[in-house]
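Quick one: this structure, given as structure tokens, is what I'll be asking you about.
Each chain gets a letter, A, B, C, D and E, in the order it is written, and its residues are counted from 1.
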Amino acid sequence: MTLLRLHEVTKEFVTRGQGGLLAPKAAFTAVDQVSFEVSLGETLAIVGESGSGKSTTARIAARLLDPTRGTVEFEGQDITRATGKSLARFRNDVQVVFQDPFSSLNPRYTVERIVTAPLSYQGIAPPGGRRAFARELMERVGLNPDHSQRYPSQFSGGQAQRIGIARALAVNPKLVICDEAVSALDVSIQAQVIRLLLRLQRESGFSYIFIAHDLAVVRQIAQRVAVMNKGRIVELGTRDQIFDQPRDEYTKTLLAAVPQINPEWDRRRRQHEQERKASV
Amino acid sequence: MVRYVLGRLAGVLVILLAVCLFTYVIFFKLSPDPAVMICGKTCTPDRIDSIRSMLGLNQPLLAQFWDFLQGIFAGRDYGTVHCPAPCLGYSFQTNESVWSMITARLPVSITVAVGAAVLWLLAGVIGGLISAIKQGSWWDRSAMALALTGVSVPNYVLALVLQYVLVVKLQVLPFPSAPPLTENPMLWFESYLMPWTVLAVGYACLYARLTRANVIDTLSENFLRTARAKGLSRSLILRRHALRPALTPITTIFGMDFAGLLGGALITETVFGLNGIGKMAADSIAKNDQPVIMAVTLLAAFFVVVGNVVVDLVYTALDPRVRVTST
Amino acid sequence: SGGAAGSAQNAAGPAGKPAQGGVVQVLANAGFSHLDPARGFDGGVNNFYRLIYRTLTTQGAAPGAEGTKIVPDLATDTGKASDGGKTWTFTLKDGLFFETGAPITSAEVKFGVSRAWDPELGIGSPYAKQIIDAPASYQGPYKSGDLPTIATPDAKTVVFHLKKPYADFGSVVAQNTFVPIPVGSGVGNQLDAKPIASGPYKVAQYKPGASLKLVRNDKWDAKTDSVRAAKPDGFQWTFGLDGATIDERMIAGQGTDANAIAGTIQAATVARVQTPQLKQRTLSGLGGCTTYMGLNTTKKPLGDVRVRQAINLAVNKQTVRDAVGGSSLAELATSIQPPTVVGRVDYNPYPSQDGKGDREAARKLLAEAGLAGGFTLTLDTRAQPKMQAMAVAIQQALEPLKITVKINTIDTSTYYEVIGTPSQQHDAAITGWCPDWPSGATFLPPLFDGRNIVAKGNSNLAQLNDPGVNSRIDEIAAMSDVKQANAAYGELDKQIMKLAPIVPLLYEKVVTVVGSNIAGAYLHDGFSGGIDLVSVGLTDAGK
Amino acid sequence: MTEALFVVEDLTVTLPTSRGPVDVVRDASFTVGRDDTLGIVGESGSGKSMTALAVLGLLPPGARTSGSIRLDGKELLGRSEAELRHVRGNAISMVFQDPLSSLNPYYTVGLQIEEGYRAHRGGSRRDARRVAIEALEQVRIPDAARRIDHYPHQFSGGQRQRIMIAMALCCSPALLIADEPTTALDVTVQAQILELLAELQAETGTGLIFITHDLAVISSIARRVLVMCAGDPVEYGTAEQIFSDPRHDYTRALLDAVPRIDDEVLS
Amino acid sequence: MTTTPTLLEVEEVGSPSVDGGPPTSTRRILTRLGRDKAALFCVAFLLLVVLMAVFAPLITKISGWGPYEFDSAAINSDLGGVPHGALGGISGRHWFGVEPQNGRDLFARIVYGARVSITIALSATVLTGVLGVVFGMLAGFYRGWVDQVISRLMDFLMAFPALIFMIAILSSLPAGNRPVLLVVVISAFGWPYLARVIRGQTMTLANREFVEAARASGAKNTAVVFREILPNLRGSIIVMTTLALPGYIGTEAGLSFLGVGVSPPTASWGQMISGSVSWYSVDPMFFAIPGAFLFLTVLSLTVLGDKIRSVIDAGEAS
């Protein structure tokens, strides 16, 4: 069943040319005729060049930005211009993790308030009380629950990012849009968060739009992958198709450029590891 | 943008019209009959009637209002006298053309406003900035205590005390007489020094406190850390990176305050005997000189409304994030 | 000129003899209402007009009673009555000219007077219109042309025909409306902007509300003028100064402020002018007006004369006086007419110790009226600190009698309109009255003639309509001997006060500090106690 | 033997919190030579960024530091703000982790790059602008000459990150500290940026401290690696040693967790 | 050990709280304020003023003079009515001296004046604060026609020279309940000033990403405005409203003197201060006493506002 569908979505940004207030305007097409679907319980990954319009697409999908042209449908309903109740329902069902961790957290609020805010915005009482609920959420994303009274500026970048993730998971959304949600996390926490996301998908049927640069992560989590370049989707297919038989040139370059740990070192490490296990 | 400005200017006209009409109703309907006051101590109903007809007060309100508007744009006739285009009527009290009264007094009010504004901006912003940087220091505490004192002391008190101390006791300044700048620049400056100061004190205190609060907010932003990491000089960091975001909201207030002052500093002008718009307003209220009240109101409204348009334009120019969404 | 100065300066003081020349500075709060003599009409302008205008007669130029005496000015005498006082003839002096050089003849005098009938202009002194006979439809010279009831048989003679005999017409022609104006000029606002001088000075520059500069009118011939000393070469007014600032400047007396005169000081300044040096520069005298509280006789308990008398007895005039600045700034009033009025009798119908009020006597009267339990009274006051302070003082004084005074503050600009409208007026109101010239004729009839009660612009605040008073007013008006009439007004004062329609509160004083170089300054009884401008000058003209 | 370009010894950073002071970095020691790259990896929240900030004296208010930080043998710790000014952006540049909030929203990116250059190199605005455009081009911002006049919010996350890099590069510092400079970049651009850094090092001998979570990147560029965990430097050695023979349990766990593009889906 | 040199020297951050769990913010603020001497002093003074106002009749019974009683013996009628004795007639009889020209007891008038002034100024401040903040935020946040309507309304109200119109309107309204009318009229003309400032800042804040984040979390517009943006406006609001208070006491005085405020003989601080102006050189105490009360009240409010703010900020250290 299709949960979200973007149909030929285009976004133009109006920027002012040089020369002050009265300068003529210039338009810049950030997203160009993008169409895709996300089904219930599915993860669609968007990869692509930096500046290719991934975040913009995500924000349009979350209805945080109005597309210049094209439509966004959610559960079969056109919500491109929705307001009021239907928009509110949409908001309850779709949560977003933002790319920029600090800017997306209100500097005046404690973590506890930030992560429980979606609940109160949607008029849901936090199960087990606000404090306990917040602590539980923080624990889930690997944050020290004792820090629930801290303010965002007192956290590290990766911790701030996890606050954003915890916030998105506070309510039970149908779709979570993760804009580089794990990029600032160290690999072990990253793995923990990804496992959490996958478990939620399994148990509660979450769908994800997962924007990432780390193709290894994408491979772990995505069922389908869209590759964007210069505002357009240049290739869209299942994970294996994209990773194993990329058709588009850009996709191929992308895959070829993935850095890897020196294979020789890695091999030696595994060897040492085995030696160590054997010796124990 | 051009369209936006034009739209706003059209809005200005509408507001001024509304202000006009409202003022007209308040002062011509609810206020005492000017004819009776002109009539004086020994007055007969006949005389009142004749004065009313002479002033056009016997016409319906809207007709009077229409005449008034016409006067402003096209001029109008009062009996035998023709009053040319920007015609705001004649004072009930002195029979002077209100327009010439305004043009004669405006330079004084502008001088008062500009001088005071320069003073309070300098004092307020610099004081607030230093306070913010030295938050919690003795300088900060004393500057903020001073600011509070400044706000708590009504400016007529300040005016009189200043005059008593500086002019009467110490005799370092003359009594303000406000000659034209060209005649005697020194005396001009000395004359305006006290009015400027008195007016500036209250505003300076407000601005100092606002600047302080905003700068403190800004100082904790991450981009300030970036600026420091670039090795910029302290003054550049403060001037450019801390002040700009801190002062952006202050421009709003400044526009309003300054525009308000152009429409006359009632109390200060009265205390120091400066013949500006403010004093004219005070006099006209005391005497219920309606044409003058109307004109003063309109003038003040004009400055404030235009000031607000300028403020909005400046604000969108100052904050790039706002700019993009505004058009 | 200016030889009189030098070492004698200290001894001279404000009373000394002024030298010829110099410029007298005048510091003023409010500007002049009108420079057009047909329009302006109050103590301040009347005094000022004598510098630039002349009238057929005028008040004397001397301290005390001399100042209230009518003396010839343009005319050779104070008028000859004929036809039983219904026709008055004046003859002009020789050598009279306007500042333009044009001669002043009977035609200009007539033209000036006839302007009083113009509905747009005639908003000043009303007497010419009230007393001189004229066609009912006459609307002034610009609209209706010549006024037939004033005859000018030759260039030197003016003949006025009155509606009915008027014994004191010699005083009436001293009013501003009798200033000569060149025939045909003065239409609209012309004279307000640029007066045409007939007196010793002419207007050199006028910025309404800001400043006024007078210079000598060299067409004025001192020989034709026995009233005006006109010693200085000019006058310079500065308007719009704050009261406190004026006091400061006058006390400091720096620079040209040494040549300055000003109005009455503020209460707070009284304590500061007690040093010998300042005392020497201080002039003090009665303002010539009475401040009183009118009691609306048409309102419920006030209709009872005993209640009004009780209030008269109970008011503590001492506290009222303190409210305006104490003994230096006012005297306690006992009668309606102030001491400056000719023929006034000094008496006290409702005495109490030191004017502090006789509460016992008042209580007795109230008990008689059946109001021992008290009542409520609404007192209208002007929204002005001094007036409100007086109201509060009265409120306090009546409180022990269980009379609750509700103070109703009315905006300054509307005050006189409200209390002058019987339908809007409350139980009582504080106000004052100054005679247009110092006789009972311009004091008692306007305030107490029951037939003068009008729906708007009423000055009979008590709304007293007593047949005895009314008929007595008619009798006095019919008297042809001015002296006799004035004396009769003195007695009428007593008769009215028996009815207690008002509570005379104070005769306010003028206390003014003059600059150290001012000479020849005295307070003129005729002009609400202002310094007589035609006599004042400088000790040292070179300063 | 002369000392290395940059030496940190026993650096401890203490931050105030509502529960009292907390050591967020304990006794960290490392060196960076000329044309040398140190990689710092570790747990999120382990104090990597704080270490970096401590070097430039940019810690949050109330922070205390102890130990020693020397650049070219000169002690930086305890220097006054005025003295540090000449070091910052000149001898040592830094790329911050959070690009959006680290850029002033009120100014164009051009101005923000130029001012750093002019503060140390002087020169006319025109020169600075040229340098800024060049720097933007170097970090692969398309249409740099036009975009230099845009405001930070008009750029994508990766672009902002590159702007921060451009800003740090334009004074060719002796030491560059880059705090997760490429996390928001796609792999192709990332490769270009890494190449750019390598070129720069070859040219000017810049020492580089590279903080990242991407172990693959570290393995390809770092000569030495510092592994941090919960404020403690748990392991410090050559890249080869760390990657091929990690001694500490945490390092081993970290390397085990690295996802591989050819790995199976996690279950 | 060295301390990091920073641009702003931050006030010492308090010691750790003893109890285990993190204290709630209200409790934290209260305990922190409780330890601050200056804050305690401010609270004490404000409390004193409030108690004075509430128990005015009782207090004046003890002091012996009512607020309206004249004492002619205490003033010198020959010198324009200045109080006898030094310091404006301060004595055992009149603790704070007397008013010139009528000898009313200043202490009693201060005590009674607190009632009027504090209620009027405080309510006007609160009302303008609420109106200004709400409308300012709505205009700045929604932009579009909401902004148009609110902004034009603000333009319209601000366009009037406020004092002139307050007089005109108040004098034409039925007397009714003066203090309430005063509050309403003062607020009606006062709120746009604050609202415009708030509007501008809201426009800036509305573009911040955390606002977008809140919206994505399902926050309705009102929630975004009042729960995300409002806390970030705190600085300006505190400053503007603490400074508005003395302004309104002054406005009340001005209006009272122009005859449209509270009617005499009711005492109010503002009236006392403006009445004392002309006596500044002869009887400085007449000004100094109500002036000091006004000043201390404002000072206390401001310092308290600042303290609360810095306590909250210390938690954020943003």
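We adopt the following convention: contacts are C-beta pairs under 8 Å (C-beta built on N, C-alpha and C of every residue); 3 or more make two chains touch, one makes a residue touch a chain.
For each chain, UniProt lists the protein as follows: A, D = Peptide/nickel transport system ATP-binding protein; B, E = Peptide/nickel transport system permease protein.
From a predicted model like this one, the values you see are computed outputs, not experimental measurements.
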Centre to centre, using CA atoms, which chain is the farthest one from chain A? C
Can you check which chain pair, B-E or B-D, has more C-beta pairs in contact? B-E
Nearest-to-centre chain - CA centroid comparison: B
I'd like the Å distance between the centres of chain A and chain E, where a centre is the mean of that chain's Cα atoms. 48
Centre-to-centre distance between chain C and chain A (centres being mean Cα positions), rounded to whole Å: 89
Can you work out the whole-Å distance between the CA centroids of chain B and chain C? 38
Which integer distance in Å separates the CA centroid of chain A from that of chain D? 25
Which residues belonging to chain C are in contact with no fewer than two other chains? 244, 411-412, 414
For chain E, residues that touch 2 or more chains besides their own: 7-10, 22, 167, 207, 209, 277-278, 281, 315, 317-318
In chain A, which residues are in touch with two or more of the other chains? 15, 100, 102-103, 149, 153-154
What residues on chain E touch chain A, complex-wise? 22, 25, 208-210, 212-220, 223, 227-228, 231-232, 234, 315-318
Show which residues of chain A lie in contact with chain E when the two form their complex. 59, 62, 64, 88, 91-92, 94-96, 98, 100, 103-110, 117-118, 121-122, 146, 148-149, 151-154, 164, 167-168, 170-171
In their shared complex, chain C is touched by residues of chain B numbered 31-33, 36-45, 47-48, 50-51, 54, 79-81, 90-91, 93-96, 101, 104, 160, 163-164, 167-168, 171, 174-175, 177, 270-273, 275, 279-280, 283, 285-288
For a test of understanding, state which residues of chain C touch chain E in their complex under the given definition. 243-244, 266-272, 274, 318-319, 321-323, 325-329, 382-385, 388-389, 391-393, 395-396, 407-412, 414
Chain B - residues contacting chain E, complex: 11-12, 14-16, 18-19, 22-23, 26-27, 30-31, 132-137, 144-145, 148-149, 151-154, 156-157, 160-161, 164, 205-206, 209-210, 213-214, 216-217, 219-220, 224, 228, 234, 237, 248-249, 251-253, 256, 260, 263-264, 266, 281, 285, 293, 296-297, 300-301, 304-305, 308, 311, 315, 319, 321-322, 325-326
